[in-house]
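Have a look at the structure that comes next, please.
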Amino acid sequence: MNTLSNSPLLERQPRLHGLYTMMLIRAYEERLALLQQNGAPGTCTSVGQEACAVGVISTLDWRDRIITNHRSAAHLLARGADPQRLMAEVLGRADGYCGGHSGSLHISVRELGVVLTSTIVGGGLSLAPGVALAQRMGQGEEGGVVVVFFGDGAACEGILHESLNLAVQWQLPLLFVCENNQWQAYVHRLETMADDAIYRWACGHGLETQRIDGNDVDAVSAAARQSVAAIRADGRPRFLELLTYRQRGHLEPDDLAYVDHAERERWLKRDPLVLMRERLRAEGVLQDNDLAAMQQQVSQRIDAAQNFAESSAWPDPQQLLQHVYA
Amino acid sequence: MPILTVEQAINQALHEEMQRDPRVLVMGEGVAKSRASLLHSFGAQRVRNTPLAEAVISGTAVGAAASGLRPVIDLLFAPFLTYAMDALVNSAGKLRYLSGGQHEFPLVTLSMTGAGWCVGAQHNHNLEAMFVHAPGLKVVMPSTPADFKGLLKTAIRDNNPVLLFTDIGLLHQAGEVSDDTEFLVPLGKAAVPRIGSDVTLVSYAKTVGICLEAAQQLRETGISAEVIDLRSLKPLDEEAVLRSVRKTGRLVIVHEASGLCGMAAEIAALAASRAFDALLAPVVRLTGPDAPVGASWALEQASVPTSAAVVQAVREMLPRTAHAAEKPLTELA
Amino acid sequence: MPILTVEQAINQALHEEMQRDPRVLVMGEGVAKSRASLLHSFGAQRVRNTPLAEAVISGTAVGAAASGLRPVIDLLFAPFLTYAMDALVNSAGKLRYLSGGQHEFPLVTLSMTGAGWCVGAQHNHNLEAMFVHAPGLKVVMPSTPADFKGLLKTAIRDNNPVLLFTDIGLLHQAGEVSDDTEFLVPLGKAAVPRIGSDVTLVSYAKTVGICLEAAQQLRETGISAEVIDLRSLKPLDEEAVLRSVRKTGRLVIVHEASGLCGMAAEIAALAASRAFDALLAPVVRLTGPDAPVGASWALEQASVPTSAAVVQAVREMLPRTAHAAEKPLTELA
Amino acid sequence: MNTLSNSPLLERQPRLHGLYTMMLIRAYEERLALLQQNGAPGTCTSVGQEACAVGVISTLDWRDRIITNHRSAAHLLARGADPQRLMAEVLGRADGYCGGHSGSLHISVRELGVVLTSTIVGGGLSLAPGVALAQRMGQGEEGGVVVVFFGDGAACEGILHESLNLAVQWQLPLLFVCENNQWQAYVHRLETMADDAIYRWACGHGLETQRIDGNDVDAVSAAARQSVAAIRADGRPRFLELLTYRQRGHLEPDDLAYVDHAERERWLKRDPLVLMRERLRAEGVLQDNDLAAMQQQVSQRIDAAQNFAESSAWPDPQQLLQHVYA
């Protein structure tokens, strides 16, 4: 299939490609939310946070490894995961990336370097130093960097402290990316942390930290590019706090009854897709017909994904004990 | 009597006990939202949203319990208890003993698990047996709305740490629940929701329903099964199990948790040592597989023992006439 | 063959495997001091002192294992594993399955426990059964220096997470240990350190010695006891247990861990379901009490099953002539 | 017994009393180290750290609660524990404070307000917010403060982060006291933490922190007095890092083979007992005959403690199941 996603246009214009990926993520997750209303398993969407995933992951190359969590679709799609196999996994089908074993919450795709996804909040923070240690001890590609994505809620777990201390002390090539989306399931983060900032917790460990507008994909990728380059250069960890907002519920369906709507409105005005689209338009990089073509392709791919997923077989319950042990 | 779901029964128990005793408080991630009615009635001092930090939530409960409060903590899903193990196992379970009896730990943990939400093994892991194995704790896992209410109320009044596990599959199950504020179900007492004479089916939580279904099906072919709902795993009502096994001579234990070193092992061992002479047939364990539970609906459902499997196990047990002859099978066709 | 203590056997196993495979590394609090010879041979990259942070030590091992290394972590005392439960139970035990088989977790955890140092329940807690109950893990708890070496080497080569527990009381026990670098003891194979025909004593770790003592004492009164050392608790050598019980008809299980949902329950359940027809007497469990272990020498010692208790249990079992008559008691006085 | 410890001299002079208590602690622990050589259970002594315990605890009153750890003798004695019952406990005897159940590692003495001692490193940090919460919710004496003592090693455990965050967020009357004694069992702390300071980890949580010379009992008590007063006033937590040095081994016996002797020598020159003794002498507060009398009384009390402990009965193994449940 000669898709737009590997068309010369998008290749020439990484920022256009970034916008396209954000659109793909958005459409993918909104489709899943829709399917959920018809009985598919609920998912944790990252609608509103697409610039974090795309901004950071666009700066990585194939040597690098990613660790994600329950809210992983954006990270996976930004890394090039196939929406078909992803959606099949969410629906618990045999053709999913994990054969339906994972469902939406723990999807890892080893061939893409998306390793070790844990839905235990903070789980990824415990695993990441080991992946980075293996990297450093010659098990990965030379110069590879490990990126661990986690939320502001995960930052409250003690494992953040242990993970930071170990990464700094052992000089591990690890980029901590905290997507501070204001929410920890149904609790606003200001209810769980006295300070307004997560990066200050990291500062105490003496590593370089930055706090960035997580809805501005250009800003995110600039910070990530700089951090990743620094890690490649000296092998030491860095920390990014990305300020963003979870626009949809914690887990579909979610009536958002507990949400401060004024706050949400403010963030909706800064929707990362709209911000980027308008910026690229203003810069003359994005033409209306490109946008239409992108939109059309996104729809096609998501339709195809749904088709693929829904027609994929269920895993064979006879194989309940397969994959328990190596 | 009013009809409540398990969820409502839990809330009612919390409400009544908070009303009765100002030392009772509820803490956990999002409890002030998930139990908004409690927040409304008792305020933010006693219904506390916590940070995402199970280790300190549980440690705080232990410290508060030793200092005069009676905390109930909601840890959401059972696998998240892995972050709470030091506080529960090493502190709550041991510090009374190690202090020579100086401290009491009146605290309750709530958590859910089991098949039903297609969320996979990091949410769905029936690990209650780990806490049964640990000293100094009590563990309950009820199967009916009434027992949820009555056991939770008793747990809150108990001066020891009690873990209450909620089988997700039961959350929306409804049943009659007394609204007497002194309605209590004692810890350590099994229920016998069905009396029978040919075989004893021992279970707890959601699989009690499966045993009852199986008993009904067996009845149709003339086999009389007694169903025991343990309700409380620790303290364990050993006598209820032994009494029944001594009567029926046959024992099938059914639960969703995996088998190795699980409750079924404990019950089977109990029978093999203390009802040995009464046993007419090999003890049968029907449990979840020794595997993490997959998220896919197909895998999740296949991890739960079915009534068909129970029926089949009992059928295979009964033709054993060598011993069975010694004991007439009531109403056997 | 050279004589080594358990401690030395462990070190030798680590040394040989680190020599053989550059991906093996050892991490833990103070390992570079406690295993100075490893540091000397393999350097600070592969023998790593860690911060005091069991959660991230174990998580790091899991992450490293999935990424091509073969970590061995020393978590010192078993109760400290409560901080490592998420990494071990939720990650190491489940993430292979949940990923549909994409990852392997070749890692080993070492920890000590058991009576002997008068340190109390926060150091002395035999909680191996918790990990037997959890899916996806393997658990070994050897009793001889040779088995420590052979099992640890096999564990390091295994592509799954293996927990090796060291009974403190054995640390300085010495015995013959092969210095063949390919000396391996398979996981999942029990040993039979004493053959007998009247009763089967099943045990592991330090209490194997107690069973052997008891068997010796029983021998003097004409009772022939077979002693099974499980060595590996998961995978479990079910056949070895069943074969022996089918031969002797009598089963006593002995361990220091407390009883409820412990290994003895599992073994008893196994016999009650799969060697039922062979059983001549009630199965007996002799375990540590369902209580935290006190630090005082007097309390600590009283928590360990004794050979006298084993002898007594067997004696009480044997006069049961109703069934015993069916089977001649070899050499019974 | 009309002891010096409640003599008018010591009462008039709290600083003399402080010195006396430090001497008592030192003598008690050195005696236990000696007994260990004859088969008594090994202990973790706080020799060299006495000024931390005495400095902090001298500022507390009976409303206050203390949480300690494996290295508790100084805290207990500073709080007024009876050396006889303490030593009996260490020897595992029935007359010990915990009936021999605890041994040296988890001694709590409820009647002294020394509650919930855990030998799990970091255990106390998990329990402390709960004790402080009960205090705040009216279960303790009005205005009571909770003090949790922990080591630099414990500060590496994730629970520090969770405990600090909760205490700050919930405004708990809790004083965190980190005795940074340079050692984490057999590992020097510089090997486990990249940064030289623990208080900076706390700073990230936005609570008031101080770093104090932990070998100067006057400095410690001044800082503690100020912190405790501040907590009583506003109910919010404070943090003290006390820089000190563990002069003896981690656990008796210990050959100190792994120790940097030059560093140790530097610290020995600043022995807290010697510092205080010489200061009080120079100020004219301490006379030679007072010192002799204090020394004599300390010896007598320690001899009596040993006598008491060694002649105390063993707990009855028949009561193995007593005290498991309330």
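Letters A, B, C and D mark the chains in the order given here, with residues in each chain numbered from 1 onward.
Throughout what follows, a residue touches a chain if its C-beta (ideal position, glycine included) is under 8 Å from a C-beta of that chain, and two chains touch if they have at least 3 such contacts.
Remember, predicted model here, so these are calculated numbers, not experimental data.
Chemist: Identify the chain pair with more contacting C-beta pairs: B-D or A-B.
Modeler: B-D
Chemist: Which chain lies the greatest distance away from chain B when centres are computed from Cα atoms alone?
Modeler: D
Chemist: Rounded to a whole Å, what is the gap between the Cα centroids of chain B and chain D?
Modeler: Roughly 42 Å, centre to centre.
Chemist: Indicate the whole-number Å distance between the mean C-alpha point of chain A and the mean C-alpha point of chain B.
Modeler: Chain centres of chain A and chain B, defined by C-alpha means, are spaced 38 Å apart.
Chemist: Counting only Cα atoms for the centres, state how far chain A is from chain D in Å.
Modeler: Each chain reduced to its C-alpha mean, chain A and chain D end up 47 Å apart.
Chemist: Return the distance between the CA-based centres of chain A and chain C, expressed in whole Å.
Modeler: 42
Chemist: Please output the residue numbers of chain D that touch at least 2 other chains, ranges allowed.
Modeler: Correct list: 100-102, 106, 118, 120, 122-123, 156-159, 162, 165, 169, 192-193, 324.
Chemist: Mind pulling the chain C residues that touch 2 or more other chains?
Modeler: Within chain C, residues 50-51, 53, 55-56, 79, 82-83, 86, 90, 97-98, 120, 122, 135-136, 290-292, 294-295 contact more than one other chain.
Chemist: Contact residues on chain A for chain B in the complex?
Modeler: 41, 92-93, 100-106, 118-123, 153-154, 156-158, 184-187, 191-193, 258, 314-317, 320-321, 324
Chemist: So in the complex, the part of chain B that touches chain D is made up of which residues?
Modeler: Against chain D, the touching part of chain B is residues 23, 25, 45, 48, 50-51, 53, 55-56, 58-69, 71, 86-87, 90-91, 95-106, 135-136, 138, 159-160.
Chemist: Which residues of chain C touch chain B once you look at their complex with the stated criterion?
Modeler: Within the complex, chain C touches chain B at residues 79, 82-83, 85-86, 89-90, 93-94, 97-98, 120-122, 125, 127, 129-130, 132-136, 234, 236, 257-258, 260-266, 268-269, 271-274, 276-277, 279, 281-285, 290-292, 294-295.
Chemist: What residues of chain A sit close enough to touch chain D in their complex?
Modeler: Those in contact with chain D are residues 156-162, 165, 168-169, 192-195, 200-206.
Chemist: Per the contact definition, I'd like the list of chain B residues that touch chain A in the complex.
Modeler: Going by the criterion above, the answer is residues 29-30, 32-34, 49-56, 79-80, 82-83, 117-120, 122-123, 289-292, 294-299, 301-303.
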